[in-house]
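The same chain A turns up in both complexes below, where it pairs with chain B and then with chain C.
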Partner chain A sequence: MHKVLLSLVPILLGSVYLFGLRTLALLAVVCITGCLVEYGAMRLINGSKAKVSEAALVSCFLFTLTLPPATPYWVAVLGIAFGLFFGKGVFGGFGKNIFNPALVGRCFVYISFPSYLTVRWTEPFSSFPGGLIRYDGGVDAIASATPMILAKSDAWSGGYLPLLFGNIAGSLGETSAILILLAAIYLIATKTASWKIITATAGSFLTLNAILYFSGVIAPDPLFSLMSGGFLFAVVFMATDPVSAPVLDQAKIAYGILIGLVAVIIRQYSLFTEGIMFAILIANAFGPLLERQIRQWTQRKKVAA
Partner chain B sequence: MTAIRDWKIFKDNLMTQNPVFVQVLGICSTLAVTNVLKNTLVMCLGLIFVTTLSNLSLSLLRAWIPSRIRMMVEVLIIASLVIIVDICLKAYYPDISRQLGPYVGLIITNCIIMGRAEAVALTSPPRTALIDGISSGIGYSYVLLLIACCRELLGTGGIWGVRLLGQSWINWSIMVMAPGGFFVLAVFIWIVKGWIMRPVTGKAGA
Partner chain C sequence: MNQHSLMNTTPSPFTFSGGIHPSYNKGLSSGSPIRELPLPARLVVPLSQHLGAPAKPIVQIGDSVKAGQLIAGQNGFISAPAHAPASGKVAALEETLTASGRTCGAVVIETSGPQEWQLLPPLPDWRAADKKDLAARIGEAGVVGMGGAGFPTRVKLSPPADKPIDTVILNGAECEPYLTSDHRMMLEYAKEIRAGAEIIRHILGAKSLRVAIEDNKPDAIEAMEKAFQEVDGDVAVTVLRTSYPQGSEKQQIYSVTGREVPRGGLPMDVGCVVENVSTAYAVYDAVVNGRPLVRRVISVTGDAVAQPSNLLAPCGTLYSDLVAACGGLRGKAAKVISGGPMMGFAVSSLNVPTGKTASGLLLLSASKVSCYTSQACISCGRCVEACPMRLAPAELSQCIEADDIEGAEQVALMDCIECGSCAFVCPAHRPLVHHMRRAKAIVMAKRAAAKK
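On to the complex of A and B.
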């Protein structure tokens, strides 16, 4: 879990640079709430032996980085409290949750308060000291659309470079593809994140996207789809969550493929612009089933042989 | 003597045998109609009316109902009562009737009514059946009304259409949608079973 936190530091610095010091304030508020809620939930379960696990802190970091820069503090507080309590506490705490707590929290605020999470985006700072010396972008920077929203109406003309470096409107941690890829390399190299899940998800996502793109069904090309929105961030940090993802290798691959396909389908055929959050939660729900089924198949094979 | 027994039935149906949070029956309507208090109240009154009268009439008829076709007779009686409720609603409160949509008709399939009919009405004298029917209906209703209060307050910032939480309140849209019903019901069951009913179940175990 140390390694996940460490790999998030560059992304965090990047988002401070792009969106201002408010990011850090938001993170602090979320972490304090998260620790209190986690402690409260563990008190209910374990009594006086309650401890706050490091995983709660990881959830807080991940949750914060999925929020738009202008998210009000109270929305963030509600989200992380809901995520850690209902996504984790009620299942019995660390190691027992089927759903990713950070995503449960985000899903809750996303559906409850769509006005803050889907339409109020902030333009990033463009000149050098950027957000490192400023609190936030102010009122002027509010109400621009993200590349994904623009691409839906064919209005995105920025090309790939801004998507790579991240100077685009979007959620705090999701904009810069290059920082996320660096984190992914680090996590895979240190065997913290499962490369099987990452490649299966990205592979199925790209394949279905390419099929739809080249048959003329959808407008955004696969590379754009991969780098825009929260797909990369969610795949690297949320889909690979060791608690809510399956353990067996075949189950991991099936789980990844399911995430990739559902993400494309929700992106293209639903009212929501971004589908990866729902895709991972859906796949989380199917995780235990996949694992049980694959275990049965392998056992049957062994008996036959 | 009978008064004490009746009172016990009445009390049990409200708490220790509550149809919603102990027997977990009638959950479909609990989730579906509790987003607005007004609709919930209408639904609850309809349900109390139907359970009470169906229990009473089945109990009166129980000597003449052949057991092989008892289900059909039960459904026939329940359905006639539900149709009465539905027609009255359509005539006098067309707006609410439209908002409740199919759920009034679905009172027929509400597990509580069938359950009470099978378990109590066919085996008990009319007086017991009547009290059981009323108390089951009330036990169902007060839970639904409490849930509806929570959901409407958080989801729209007011109760019964009256704004209570001020202009700065931001509605939690999730509370008026189906997931909100699941969360509030779950929390309600948890609170009741975890804190209020623990002494009761503890004694039964010991």
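On to the complex of A and C.
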């Protein structure tokens, strides 16, 4: 778990640089709330033996980094409290949850408070030392749109480089593809994240996106899709959450493919701009079913009676 | 290419899925030649040195016995007799703690005087002998699988008529870290092992003979190549990729032949019989010399023993005598394991006897032993990748923790071979093998009760 936290540090620093010191304040508020809620939930389950697992901190970090920079503190507090209690506590705590708690919280605030999560975006600071010495971007920076939203109406003209470095409007930790890729390499090398899930998800996402793009459906090109929005961040940190992902190898691949396909479909055909969050939650729900079926296919043959 | 060689040495065509690569630490004892242990004054011969019903003692306290004399008879189909490892006097019939932590009956012999052997009639002309008689002889001599399970060899060599055996695999993989007894046997008793393998093949009427050795033992591969050169028929040394657990029967059959033993099945279901190299030696000794299985080579090793050695010791030697013969302890032993570090049992006392299946005694200092607290399973699936039986230890252990033994059975609990690969890779340090062993014992007890 601490490897995940460690891998998030560069992304966190990146988002402070891009969006200001308010990021840290938001993170602190979320972490304090998260720990309190986790402790409360564990008190209900384990009584006096209650402990706050490191996984709760991971959820807090991930949740914070998926929020838009200007998210009000109270929205963040509600989100993480809902995620950790209803996404994890009610299932029995660490190791027992079906859904990714950070995403449950994110999904809850996304649907409940859309005005804060879908239309109030902040332009990043552009010159050094950027947000490292400032609290936030101020009122002027609010009310722009993310590249993904712009691309939906064919209005994005910035090319790929800003997507790679992250100096675009977007959620705190999601904008810089290169920082996320570095974290992914670290997590795969240390066997913390499953490369099978990451490659299966990215592969199916790119494939379906390419099919749509090249068959003339109006869609952003695959590379743009990959680097825009929260796709990379969610694939590397949330799809690979071992607790809510399947255990069997083949099921992991099927799970990844499901996520990739659903993400493209939601991005392309639904009212929501972002699909990956729903895609992972849907795949979380289907994970056990996938696993059951795959076990039936792969079990050793029984000896003839 | 060696033009004179009739032998084929080939890399194994397959390798099982999963498995792990622990540090092998075999160098501690692999270079020390087999040494005969000075005869201990007291031997505690367990009645249960094999899988199945314990043998029935036939001697009384005060009886004089000769080395090789029958002291406890075979008791049922899956059982094996026990013989006196040395001549002397029966001092007691008592319960003893064994290395696995269970207790069983034992015959205590006080050794004395010049050693006299009472052997079975030798059958040097075994090629002419009846196959059934040979199998019976091997049973009479108390030969059991010496790789660890202790399955009576007589039973393995008497498959039912509808299960023809076409391949005999001689298991020289010795995939357990630290252990070197089979390795030394292959180097020093190659001719005898070859003769034992030929007897086994002859009894089973098998066409092919394969000697399976991991590629980390090139000298053993060479020794076996040389020894098996003169053997007729389809014979080859199969070089296995070093990977734990290559020495496990089902994994080895797959690596050598590509055949998969079905769930709940036996090697004979796919036409194979696997015998350990030390067992082959015991078969040779029983048939050609008429000597029952009463002693074996055991590796006494680890960083907490003064001189790591491979000792030829009578079955029934107390572990304390083995340690004394190796110069005693070096520093303090933090953990003592009977067998290898992967599948062996931690023992609480050196006052337990060896048996026919004791391949090693491992003494580790505190620096080699890790202490962990286990955590909740995060379903990371590392254990699934490592499991050579393609099980899901994560799911099994969670079923077992919730006391859902039936649920565990449904996800193939009984297929578990307890190799420990899952526990080795588990980042949460969960005691997975412990869970499996406990649950399997519950299921076995339930099945036994249902039969009655």
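To be clear about the criterion, the second predicted complex is superposed on the first by the 299 of 305 C-alpha atoms of A that agree within 3 Å, B and C clash if a C-alpha of one lies under 4 Å from a C-alpha of the other, contacts with A are read in each partner's own complex, and residues count from 1 in each chain.
The definition used in the following text is that a residue touches a chain if its C-beta (ideal position, glycine included) is under 8 Å from a C-beta of that chain, and two chains touch if they have at least 3 such contacts.
This structure is a prediction, so every number in the text was calculated from the model and none was measured.
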| item | value |
| --- | --- |
| Which superposed partner A:Pro114 touches (first chain B, second chain C, both, neither) | first |
| Which superposed partner A:Phe86 touches (first chain B, second chain C, both, neither) | first |
| Which superposed partner A:Leu248 touches (first chain B, second chain C, both, neither) | second |
| Touched partner set for A:Lys49, first chain B, second chain C, both or neither | neither |
| Comparing the two partners chain B and chain C, which touches a greater set of residues in chain A | C |
| Shared chain A surface residues [contacts with chain B and with chain C] | none |
| Residues of chain B touching chain A in the complex | 170, 172-175, 177, 179, 183 |
| Residues of chain C defined as touching chain A within the complex | 260, 262-265, 269, 376-382, 384-385, 389-390, 392, 394-395, 411-412, 415 |
| Complex contact set, residues of chain A against chain C | 53, 55, 93-96, 191, 194, 242-243, 245-249, 252, 295, 298-304 |
| Residues of chain A defined as touching chain B within the complex | 86, 108, 111-115 |
